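Going by the order they are written in, the chains are A, B, C and D; count residues from 1 in each one.
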Amino acid sequence: MATTGNLRFGVIGAGRIGKIHAENLATCIPSTEVVTIADVNVESAQDLATRLRVSSAVDDYHAILSDSSIDAVAICSSTDTHAKIIIEAAQAGKHIFCEKPIDFDLAIIDAALEAVEKAGVKLQIGFNRRFDSNFRKARMMIEEGKIGTPHIIRITSRDPAPPSLSYVKASGGMFFDMTIHDFDMARYLSGSEVDEVYTAAGVMVDPGIGEADDVDTAVILLRFANGAIGTIDNSRKAVYGYDQRVEVFGSAGMVQAQNNMPDSDVYYSADGVYSAKPLYFFLERYMESFIAEMKEFARSVQQNTTPPVVGMDGRIPVLMGIAAKKSYLENRPVKLSEIK
Amino acid sequence: MATTGNLRFGVIGAGRIGKIHAENLATCIPSTEVVTIADVNVESAQDLATRLRVSSAVDDYHAILSDSSIDAVAICSSTDTHAKIIIEAAQAGKHIFCEKPIDFDLAIIDAALEAVEKAGVKLQIGFNRRFDSNFRKARMMIEEGKIGTPHIIRITSRDPAPPSLSYVKASGGMFFDMTIHDFDMARYLSGSEVDEVYTAAGVMVDPGIGEADDVDTAVILLRFANGAIGTIDNSRKAVYGYDQRVEVFGSAGMVQAQNNMPDSDVYYSADGVYSAKPLYFFLERYMESFIAEMKEFARSVQQNTTPPVVGMDGRIPVLMGIAAKKSYLENRPVKLSEIK
Amino acid sequence: MATTGNLRFGVIGAGRIGKIHAENLATCIPSTEVVTIADVNVESAQDLATRLRVSSAVDDYHAILSDSSIDAVAICSSTDTHAKIIIEAAQAGKHIFCEKPIDFDLAIIDAALEAVEKAGVKLQIGFNRRFDSNFRKARMMIEEGKIGTPHIIRITSRDPAPPSLSYVKASGGMFFDMTIHDFDMARYLSGSEVDEVYTAAGVMVDPGIGEADDVDTAVILLRFANGAIGTIDNSRKAVYGYDQRVEVFGSAGMVQAQNNMPDSDVYYSADGVYSAKPLYFFLERYMESFIAEMKEFARSVQQNTTPPVVGMDGRIPVLMGIAAKKSYLENRPVKLSEIK
Amino acid sequence: MATTGNLRFGVIGAGRIGKIHAENLATCIPSTEVVTIADVNVESAQDLATRLRVSSAVDDYHAILSDSSIDAVAICSSTDTHAKIIIEAAQAGKHIFCEKPIDFDLAIIDAALEAVEKAGVKLQIGFNRRFDSNFRKARMMIEEGKIGTPHIIRITSRDPAPPSLSYVKASGGMFFDMTIHDFDMARYLSGSEVDEVYTAAGVMVDPGIGEADDVDTAVILLRFANGAIGTIDNSRKAVYGYDQRVEVFGSAGMVQAQNNMPDSDVYYSADGVYSAKPLYFFLERYMESFIAEMKEFARSVQQNTTPPVVGMDGRIPVLMGIAAKKSYLENRPVKLSEIK
C-alpha cells in the first residue's frame, strides 16, 4: 500500500552508489520511499533492505519493472547494464534515474534515449556535482552575470587514491570514469557546448594503470562554442585528499569554488599554521548533492517538469570522452564534430 | 513490539528542539526509535508523529513514563518543567536526555540530580556544542598537548537576531539562555573549573530587552582554577549571522575554531573579494552535533557507560550564570564559591 | 647647507628604534634628511651615521639642540630621558617626534606637554600602529559607519618571545611597555575614551618575570565612554610568532584585522594543509608603519597642521596603564577618574 | 670617488622600470650606488638623477660605457636596443643587468650572449619573479622534495588592465611581453625544460588588440621534458586586479602560491564577507623582488659567482614564445625543437 503522494522506487543495484541512493530515498526525502531493492547478489539487496526497513529484496530487477505499484527506478547497476535496463524500464512505463555513464557507445546511448522518448517517461542522469552547493552557487553567479562573459574556465578534479586495477580495466578508462563528471561540469558552468578538445596525459601515479592501457594524469584543454577556453586537470592520486575545485574567470570578475573541509580549525604552532585536509572522497564531499539530485528528480516526476539533467546531458560527456581519448592518442586537437 | 536491540524513546515536548531530537532519533540513528511523542499541545505532538511515522502521540507525558516498553526519554519541554520530569522519569526507571538548563535554581537542580543518582539511571544534559566537529577537534588538540598549558581562552558566541521579547522574559535572561552554552564550552575546552567571573554587559541591541530586565551584549572574564584566563563575548545580534568561534592560546601553540560557511565559493570583483556569511543559526550550524550527542547518549545507555555530559555538567553552568549576573549587578569580580 | 624644503632632523638615540627612524628619515622619505645622530655611546652613533652617509655623530644631544639648521628631533633614547629632552628641545624651538612612552609619571608628562605647548612646537608620539595598513583601514571602515555603533572591541597583542629580564626590570612593566600600544589602539579604533578597566593577569611564561615583579600574560577588560566593551589580551610569548589582531563588532557588521604573513604559499600534504606563521616581530610587521608615521610627522611640520598623534595621546595610555596595574593589584574594576 | 667596496652602476633608460632599478640601486642596496643615468630623453635622466642625488645625467649611454669608474650597467632602455647595448657593454668590460626580453630574434640574442661570453662579464636577465617570496618558497619546497615528482604545474598571470594599443604594437605581442615571465616561471618551478607547447588564444578583452594582430587571452599547455604537464593562463584584464598565482601538484603534495593583498582585513556585513583585492599591479606586487634580484646581481659580481638568471635563461623563454605563437597560428602542438 502506497503512502498517498509518495513516489515509490525500485532500486536496481545495491553496490556503493546503490546504497547511497536507496538510503537517501528511504530516509532523507520525505516524499519518496523504496519498495524493492534488486541486486544480482541477492544478499546485498537483502542486507540493505533490512537496514532500511524496505520490505522486498530480489535478485532479478524485472520484479521491479513488473510491479505496477512502483513509479520509478534508480539504476545503480554496472555500467554495461544501464542502457538495457533504461530501455526495459521505459517500456514498463517507469520513470528513470540512471547513474552515469549511460554507456561508452554512442549508438547504444541513442537507442536508450530513443526508448525513453518514445515511452514519454522522465530520465535523469546522475551528474550529482551540479547539485553541490559550491558549484551550484558558482553557476548561479555566472547566470546572474556577476562574472560577465566567461573567458577562462578551470576545473580541477583529483582523486585521493587510484581505484583497483580490476576497476580500472572495467571502468572504460579515466576519461569515461572520472573526467566525465568534469566534462559535465564544463558544460554546466559555461552554459555552452565544447567544440574542440586537446589532451595531454600520462601515467605518473601507477605503472599498472599504464599496463591496463589507461592514463592516471591528464590536462585537457577545451574550446567552447561561446569562445571561452577551459582546462580540466585530473589525477588519480592527490595525497592530501579529494581535490574538487572550479574557477571561472570572465570580463566582470572571477568565481572560485574551493574545497570543503571537515572542520574549520586552524592550529598555530612553532612549526607553522595548519588546517584540515579536504573531505576525503566523494561520499563525504558530495553526500548533500546525492540527496539534492534525487529530490529534484522526484520533483520533476511529481510536478511533470523536465529533469535538471536530461538524456542528452548523459550523451554529450561520453562524446567528449571519445574526443579527448582520440586527441590523446593522436596528439592533436580534435573537434567534437569529428566523432561519429 | 520493539525491534531487537533498538533503544526506545519517548520524546517530551514537540517544540523547536523536540522536533530536532525526535527526527534524529527516528531517522538518523540506526539503533534508536521513537515510540511516543508527548506535548501539552497534542496537535503538535500528532503532527510530528505523523511526519516521522511514530505510532503514538499524547498530551500527557505520564503516558510515556508508565509505558514499560520505553527505555529512555528526551525532555524537550519548557525549562520550568525539566526538573520535575527528570525526577518522575528517574523514579519510573527511564534513562534521561534533558535539554539545558535543568533549572535556574540550584536547589531544584540538586533535587533532580539526587533522584537520578538514587534511581541509577543515566542522565545526559543537552550541551550539544561539545559534539561539534570544530570544538571537539580543538578539545582533542588540547588533550594531546598540542597547545601546551592553556593561557588564554576566548569564546565568541553571537546570535544572528534577538529572540522575541516574550521569549526573553521567559528565558531566565541571556546568561542562562545563551551564555550557559559558553560556560559549558569554557569548562569543556579548558578541562578546568572556573573560580571567578567578572561581567561587563549592557543593552546595545534592543531597548526592549533592557525593559525586560535583561542585557543583550556581554563580555565575561573568567579565571580558571588552572590559572588560565578566559573571555566570553556575547551579542544577541550579529548582522552577518551566527558567530560561533573559540580560540585557545597556550604555551605550545594556539587553536582557533572558526565559523562554518554554507559554501566555499569566493567571488572576485572590481569591488572586492566576497565569500559567504556563516551558517545562519543553530539549526544549520549545529545539526550534526545534535545527532552526535544523541548517538553518544544511546551508546552510554546501551553500553552502560557514563554519559559524556553528566548532571554536574548541567549544574555548574547555572552556577556560573548566577555568578556572572551577580558580577554584572555589583560590578565586581565574583567567586563561584560565593554562590550558595 | 639644507636642501631646499627638506626637513632637517637630529636623531637622539642610536639603539634599535633609533636606527629604524634614522634610516627611514635618511633614505625612505624624500622630504627629510638626517643631519646629526647623537648617542651616549658615540660609537653607535658613528656607525649609524657612516652607514647612512650622515655627516655628524655626537655623544651629547645638546649639539643637536643648539644647531640652528636643525628643524626637528626624533627622540629615541631611553624612556627616563624622554621628558627632559622634550622640554629642552621645545625650549630650543625644535619640533619633536618622541617614542612612547613619554614617561611613567603623569606629573612629569604634564610638565613636558606644558613646555611643548608654551614653545608652540609640534609634538608627535610614536604610536606607529595607527599607521599600519590593517588597523588604519579598520579605523576607516568604522569612521565610514560600516560597522555601525561599536559594541565589542577585541585587541590581541602577543610577542613571539619575552624580552631579557634586565629589559623587563627597566621597562616599567608589561602594561607600560607592551599594553600601552593596545591602550592607544583601543582609543584609536573606538574613537572613544575608556572609563574603566579591569585586569586579570598572571605569570605563565617565565617565573623570572614574576620575580621581577611583573606579569607576562594579561586580559584587560575595558569599558568605553560610548558604551562599548573591549578586551585586550597580551602574552609575552606566542610560539607561532608576533600576533597582532583586532576585531571590532558593531550594530552593522564586524571588521577583523588579521595577522600579516611573510608569504602567501599554502602547502597540501598527506599530513595537513600548512601556511606561513605571522611575520616574526615588530620590525618585520610594522616597518611600513614606522615610515608612515614619520612621513605624517614631517607633513604636519611642513604644512603646519596638528600631528596625528598629539601629546595627550601619549599621556592617556600611561594613565590607562596605571589604572590597569591598580586593577590587577586590587582585583577590582578601576575607573580612570580614580587616577590622580 | 668610489665609496670603497660599493658596486658602481650606470643606469641606461629612465623610464618606468629604469626608475625602479635606479632607485633601488641608489637607496635600498647598501653595497651599490648609481654614478650616471642615461636616457635619450635627457630631461628624464636629469629628473631622476636629481631625485636620487645622483651626480651625472646624460643622453648618450656611451658616456657610461667609457667611464672606467663604472663597474656595471643596468639596461632598461627599449627592447630593440638591448642586444646592441649588451654587446657594447660587454666589450667595454661592464657587468650587465638587462631587462627582459633580450630581443625577439634568436640570432640577435645569440650574438649578444656570445659577446658576453667572450668578454667574460656577468650577465643577468631581469626575470624578477624568481625573487618573489611566494614563488621562491614554492621552488624551495619543490627542491626539498616536499611535493615529490611534479605532475601538474599551473601558472596564472593576469594583468589588471590592458596596455595602450601603441604599447601592444611595440611589445612583440602578448607571448613575448607578458607570457615570457610565465615561460620563465615554468622552467624555474619545474627545474625542467619544456619540450612542446599547445596554445589556445583569442581576443576577448579589446577588439583593438585583435586589430593590432595580437591576442589578449590565452591558455598554453606545456609538456615538460621530465614528464610533467603544465598550463599557463593569461588575460590582459582581470577586473579584480593583478592575478599572480602558481600551483604545483606532485606525487607527495601540492604547493600553491596565492595572491598578495594590500591588507589583512576582513569585513563581515549583512551582505557577505569581504576582503581586499590583490595588489593592483607589478610595481606594488613585485617591488621586493626587484630589490632582491639586484642584490643578487651585485653579489654575483662582487663574489664572482654565476648570476641566478643567466643569458640562456633569457634566450629560452623567447624560443618558447615563438613556439607558442606558431602553435596558436597553426592550431597544433609545436615542439620547441622545431624552432630554428
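Assume a residue touches a chain if its C-beta (ideal position, glycine included) is under 8 Å from a C-beta of that chain, and two chains touch if they have at least 3 such contacts.
In this text the structure is predicted, and so the values were computed from the model without any measurement.
Identification of common neighbours of chain A and chain C yields B, D. Chain pair with the larger contact count among B-D and A-D is A-D, by C-beta pairs in contact.
Chain B has its Cα centroid 39 Å from the Cα centroid of chain A. Rounded to whole angstrom units, the spacing between the C-alpha centres of chain B and chain D is 58. In this assembly, the C-alpha centroid of chain A lies 43 Å from the C-alpha centroid of chain D.
Shared contact sites, meaning residues of chain D that touch two or more other chains, fall at 238-240, 252-254, 268-270. Of all residues in chain B, those touching chain D in their complex are 238-240, 268-270, 272-277.
Residues 149, 151-152, 154, 158, 198, 200-202, 204-205, 217-219, 221, 223, 227, 229-231, 233, 235, 237-240, 243, 249, 251-254, 331-333 of chain D are the ones touching chain A in the complex. Those residues of chain D that touch chain C in the shared complex are 27-28, 30, 51, 133-134, 137-138, 141, 146, 252-260, 262-270.
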